[in-house]
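Chain IDs A, B, C and D follow the sequence of writing; residue 1 opens each chain.
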Amino acid sequence: MSILVGRDTRLVVQGITGREGEFHARQMQAYGTRIVGGTRFGKGGQRALDGTVPVFDTVHEAVREGGANTSVIYVPAPSAPDAILEAVDAGIQLIVCITERIPALDMLRVMPVVREAGARLIGPNCPGVTSPGRAKVGIIPGSIHREGPVGLVSRSGTLTYEVVQALTDAGLGQSTCVGIGGDPIIGTTHRDVLELFAADPETEAVVLIGEIGGSAEEEAAAWAAEHLRDVPRAAFIAGRTAPEGKRMGHAGAIISGGSGTATAKVAALEAAGFRVAETPGQIAQLLIDQGVRPQAVRAG
Amino acid sequence: MSILVGRDTRLVVQGITGREGEFHARQMQAYGTRIVGGTRFGKGGQRALDGTVPVFDTVHEAVREGGANTSVIYVPAPSAPDAILEAVDAGIQLIVCITERIPALDMLRVMPVVREAGARLIGPNCPGVTSPGRAKVGIIPGSIHREGPVGLVSRSGTLTYEVVQALTDAGLGQSTCVGIGGDPIIGTTHRDVLELFAADPETEAVVLIGEIGGSAEEEAAAWAAEHLRDVPRAAFIAGRTAPEGKRMGHAGAIISGGSGTATAKVAALEAAGFRVAETPGQIAQLLIDQGVRPQAVRAG
Amino acid sequence: MKLQEFHARELLAAAGLPVPPGRVATSPAEAGTVARELLAAGARGVVVKAQVLVGGRGKAGGVKLAGTPEEAEQVAAQILGMTIKGIVVRKVLVAPASDIRHEYYLGAVLDRAAQRILVMGSAEGGVEIEQVAREKPDAIVRVHAHPHLGLLDYQARQVALALGLTGPYLADAVAIAKGLVRVMVENDADLVEVNPLAVVHERAADGTGIDRLVCLDAKITLDDSALTRHPDLEARRDLDEEDPADTEAREQEINFIHLDGSIGCLVNGAGLAMTTMDLVKRAGGEPANFLDIGGGAKAETVAAAMRLILADPKVRVILVNIFGGITRGDEVARGLVEARSRQERDVPMVVRIVGTNADEAGRILREASFQTAASLEAAAEQAVAAARALGAAAGGDGR
Amino acid sequence: MKLQEFHARELLAAAGLPVPPGRVATSPAEAGTVARELLAAGARGVVVKAQVLVGGRGKAGGVKLAGTPEEAEQVAAQILGMTIKGIVVRKVLVAPASDIRHEYYLGAVLDRAAQRILVMGSAEGGVEIEQVAREKPDAIVRVHAHPHLGLLDYQARQVALALGLTGPYLADAVAIAKGLVRVMVENDADLVEVNPLAVVHERAADGTGIDRLVCLDAKITLDDSALTRHPDLEARRDLDEEDPADTEAREQEINFIHLDGSIGCLVNGAGLAMTTMDLVKRAGGEPANFLDIGGGAKAETVAAAMRLILADPKVRVILVNIFGGITRGDEVARGLVEARSRQERDVPMVVRIVGTNADEAGRILREASFQTAASLEAAAEQAVAAARALGAAAGGDGR
């Protein structure tokens, strides 16, 4: 098993004819993800990815004719909120929105519709979700993973890759890696993902990657303190040395008052039983110290 | 028992200091309805109805300090949608909106919020709800009722009074009379009220009063055909002789195409086992014919 | 409130929708002037369309083509002043004649049952949409706009696709569909309809041809309850076309519809008013009107209602049916006495007042020698009998 | 993007909120002119306020009162050109001096956790709202606006009541609270704050006194992601106040924040960039900047990032850390080679490139004789060591 994406994933790529959409659709397909269709209004009936994937005008058609149950969105920011709502309306249960720079108030309007429909949105402005060996939905490089027992959730992009690579190098494979995105308004939080990992029999340990700003890591810690008592867990917080009040690229990374500082987050996570690493490279060892057994380092 | 309003009703009158609000609050209080407060922004702390009822600035205060569980709205149309939303937000479960001439698109925006909160709205533009001998919420004259086994639901105002009076005169008392209002967008339909009557042990028979236009009566009939098999039931449809395509005061009373005509409604109701009266005066007899036993005609 | 076509076109154009040029004219000369401008701007001909709020103007000869300004003047002279379903035509719209390649239907309407704005589209435009709806329901695409967010892009795209449009028309249709809902929301309309939405072939001034998707005819109905917040729209009410009786009724907030019978009805409440009419008919009579004086009607309103009823010379008897709730029976009774004392024409009245203050009302009515009735059925029968008696006296059938 | 106070006032006034008069001036003479107008219109004095995007201008002497136009000119001369937290004051706002009776706080902010717009109000305005929030959380009323319908009337009334307002101020506060949320939504702001919202005593031209609720100071922060749809707001960006390096970074879509250390950082991804800084510090060094080149950065972007870093004379070493995902490592490597060939100042570089096309990147870097590192920790340590070596040579401490 794994969470969110896996062998049952039947993916529709919204915006498959765009530069990014096509590039990553190829990567996902090469990884083994089952892509049942792509969408591009006005190009319905064409085929994409060297003729292997049908292009539909609407997500509804991709669901009806391709049986899509998951979508990944690569359309530009002005169209992305509508793309999310279209996927929701078509009955897609898991929507992964890669698009960055969606205005926060657009997401504010979108989220209640997503929730009301009982759908799950990952992102926006996220690298996506990969269940190693099963399916990759998003833009996380496939090569950095190996299958294994560690569930990982992160707000960051490349920092996630860094951590995953370090885990893999240390012989710790992953059940699922979830990049939830760093925008102010996101569909799925650290805590939400921890809940999913807690219910997944294959996930034996969790890694939480956070950043300064907001209170999502603290909320996840509070939940984990109660519900993940026996699960080996490690964390890393970026921005320990960031100066106060500076904006660090992510809208989430504003330090306001006492909350949201790296110190506060580290303290909350440690109080909840997380071992908090000072460098990404230390994370694997912290899990091994809690009894997670590394697999043999694979050849090549 | 009764439905919607009864001895447990703790009423807040929104707009209690207005001419209509005050007049009807007195009538309701005289009928025995428990009025725990009224609202008027800026007049919180005053008292209304000869000092018997506290005036609050907000519905929230009326709930918090007066334990209100039901509200009735007499504010002018421009403020009424907000009054409904305020009651919903304050946790009121039954909201009766008497106000007429609320724009339909305002109600379109209000209704999803009402539904999401799980609250029930009666109206707008309705005469309200009376459970004879227990509570009266709205503007239906109290004198026309008597207690008894007949549940009545109607889109009309004075036509409702006409029918209720006729039932009372014939010795058929009422469990609850519900005026749902004749506007295009209303909170509670004929069918919704029939469902409540079906679950009420004291309601032994039902009367449905409809008008030409729309399809609410047909929908109620379809439901009743399945769920009210053993319940004596009668109906009356106003507008049998109305010329096609003329607008008869209620926005609902437009005849369009074949649906919504009196003929179609009468046919649907008869097919569902309703006895359909040709005059309001016949309704009581139709129920008596189905085994409903009239009570002794009361003195005075 | 229904808007005239030219007003509806204005609202669509103001929302950025593609509406062909054209102007309204109230005289043949003016129509000729508009035609001259349009022809000079490249139109291959003009169409002159009667501006009336009733349907069927095409069949009635209220829509005509013209090739020259002179011809436009002639057909405008034919149309202006003609009567369509009882309405005298006082205005015409002069617009370019269109070279239509395909006609579609697109409309937004308040869907009461779903409590949503419903957008409907069909590749079969230009004919009665109701007929298509009845005979080929699948030929109509139906999409409900989000109650808070309006018609979303993906919904508009579904509509555009279902119309069978392709290429650049797809994006145009998306914009038009969203625009219809926007026009509806911004103006508190309950209906905004474009029929036909058409692909037309146009020639530019340089002679090159181009096909465009345009709103050829537009129909908008406004929510009367919302007019107070749209004074600009209220000002577009066409008083030329409104019966003076209707204007007075509206100003007195009386719901009034003129009909063909002889028994005037004065009732409080729409449902009870319809029921009163039903019982008049059941007793063998014909109602002269639908009239609902509303709730809590004052003596003044009652007097106005009496004037409205008596303005119809066919009225022989008046049936008053009041069930007092908010409305106080004694106030209505006083209003009746007062109104009768002032009216020029004296007709028999049958009055039934029950409910709030009915006893006092009864006393007032008896003192003023009104004929009263206890039940609604009895009142209707008495009114019909009185009309029959007068009819027999006058040699008619009393209906 | 932060707006200057005078721009924020413009947006509030455009939304119909009560904002006192006043104009911006860029010279003492202009300030005197504005003061003369305001005094002629009945102001009892004026206040001259530095327009800078940093806080603490009051303590720094950037806000001064003046009783005459001449005095206004004098204080404007003092304020214009002064430096507040490193920013040179180039504009002042000249507004009427207010006779303040009571100060309130009212603000609307994006609440990330609740995914709503949060309206906050307090009867204790004029001081730091953060301090009130910490010390007396109950003194702040908090209401979440509806995500689709905005701040509803009843919510605005709750806020107005909680401020302890009475009488006519209640309705005014309702309008202002709703207005703040409207301004936020219409301009895609993430913060719209009025502090203080004040009851001020004003004298009319005829000498009569009146108390009014007005927005005395305003702060608005815009959502950078939404600026493309608000070109009018983008045009209000104060380039005077922006570091030229920041302007170039923005135009290249590079996230760049200048800091005080000696080790320039060039990283892809904000989280990884912060981590890189953390590791530099952990190794005993000080980062000279935060710099995130974003995803899929091209050679041109890399070159621009290098220019930004080298524009800081304090930079002694550059640490490049790229984890290729969308970004291709070889492209970054080529960009580095290209950038180094063009740059005027040669500083040691430690480069770590992993992920997509890392092998090819390694080859390019080795051929160009860059110092490379395998792990992030190692890269940070090498960079700090290099900076130390240079520092020792230069006689500094290498930080």
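Convention: contacts are C-beta pairs under 8 Å (C-beta built on N, C-alpha and C of every residue); 3 or more make two chains touch, one makes a residue touch a chain.
Just so you know, these numbers come straight off a predicted model, no measurement behind them.
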Checklist line | Required minimum of steps from subunit B to subunit C, each step between chains that touch | finding: 1
Checklist line | Pair of chains joined by more contacts [C-beta pairs], A-D or A-C | finding: A-D
Checklist line | Chain of greatest Cα-centre distance to subunit A | finding: C
Note to self: Using mean CA coordinates as chain centres, what's the gap between subunit B and subunit D in Å?
What the structure shows: 56
Note to self: For subunit A versus subunit D, what separation do you get between their C-alpha means, in angstrom?
What the structure shows: 29
Item checked: Residue list for subunit B, restricted to those that touch at least two other chains -> 109
Item checked: Junction residues of subunit D, two or more chains touched -> 148-149
Item checked: Arrangement of touching chains [line / ring / star / complete / other] -> other
Next item on the list: For this structure, give each pair of chains that are touching.
Entry: A-C, A-D, B-C, B-D, C-D
Next item on the list: State the interface residues of subunit B toward subunit D in the complex, per the touch definition above.
Entry: 41-42, 44, 57-60, 79, 82-83, 85-86, 89, 109, 113
Note to self: Considering only the defined contacts, which subunit B positions touch subunit C in the complex?
What the structure shows: 20, 77-78, 100-109, 111-112, 127, 139-141, 143-144, 154-162, 165, 182, 184-185, 209, 211-212, 214-216, 219, 236, 238-243, 246-253, 256-258, 278-281
Checklist line | Of all residues in subunit C, those that touch subunit D in their complex | finding: 148-149
Next item on the list: Mind listing the subunit D positions that touch subunit A in their complex?
Entry: 110, 112-113, 115-117, 130, 133-134, 147-148, 184-185, 188, 190, 223-226, 228-229, 255, 257, 259, 267-275, 277-282, 287, 290, 292, 295, 323-327, 354-356, 375-377
Notebook entry, point to check: What part of subunit C is in contact with subunit A in the complex they form?
Noted result: 146, 149, 152-155, 157-158, 161, 166-167, 170-171
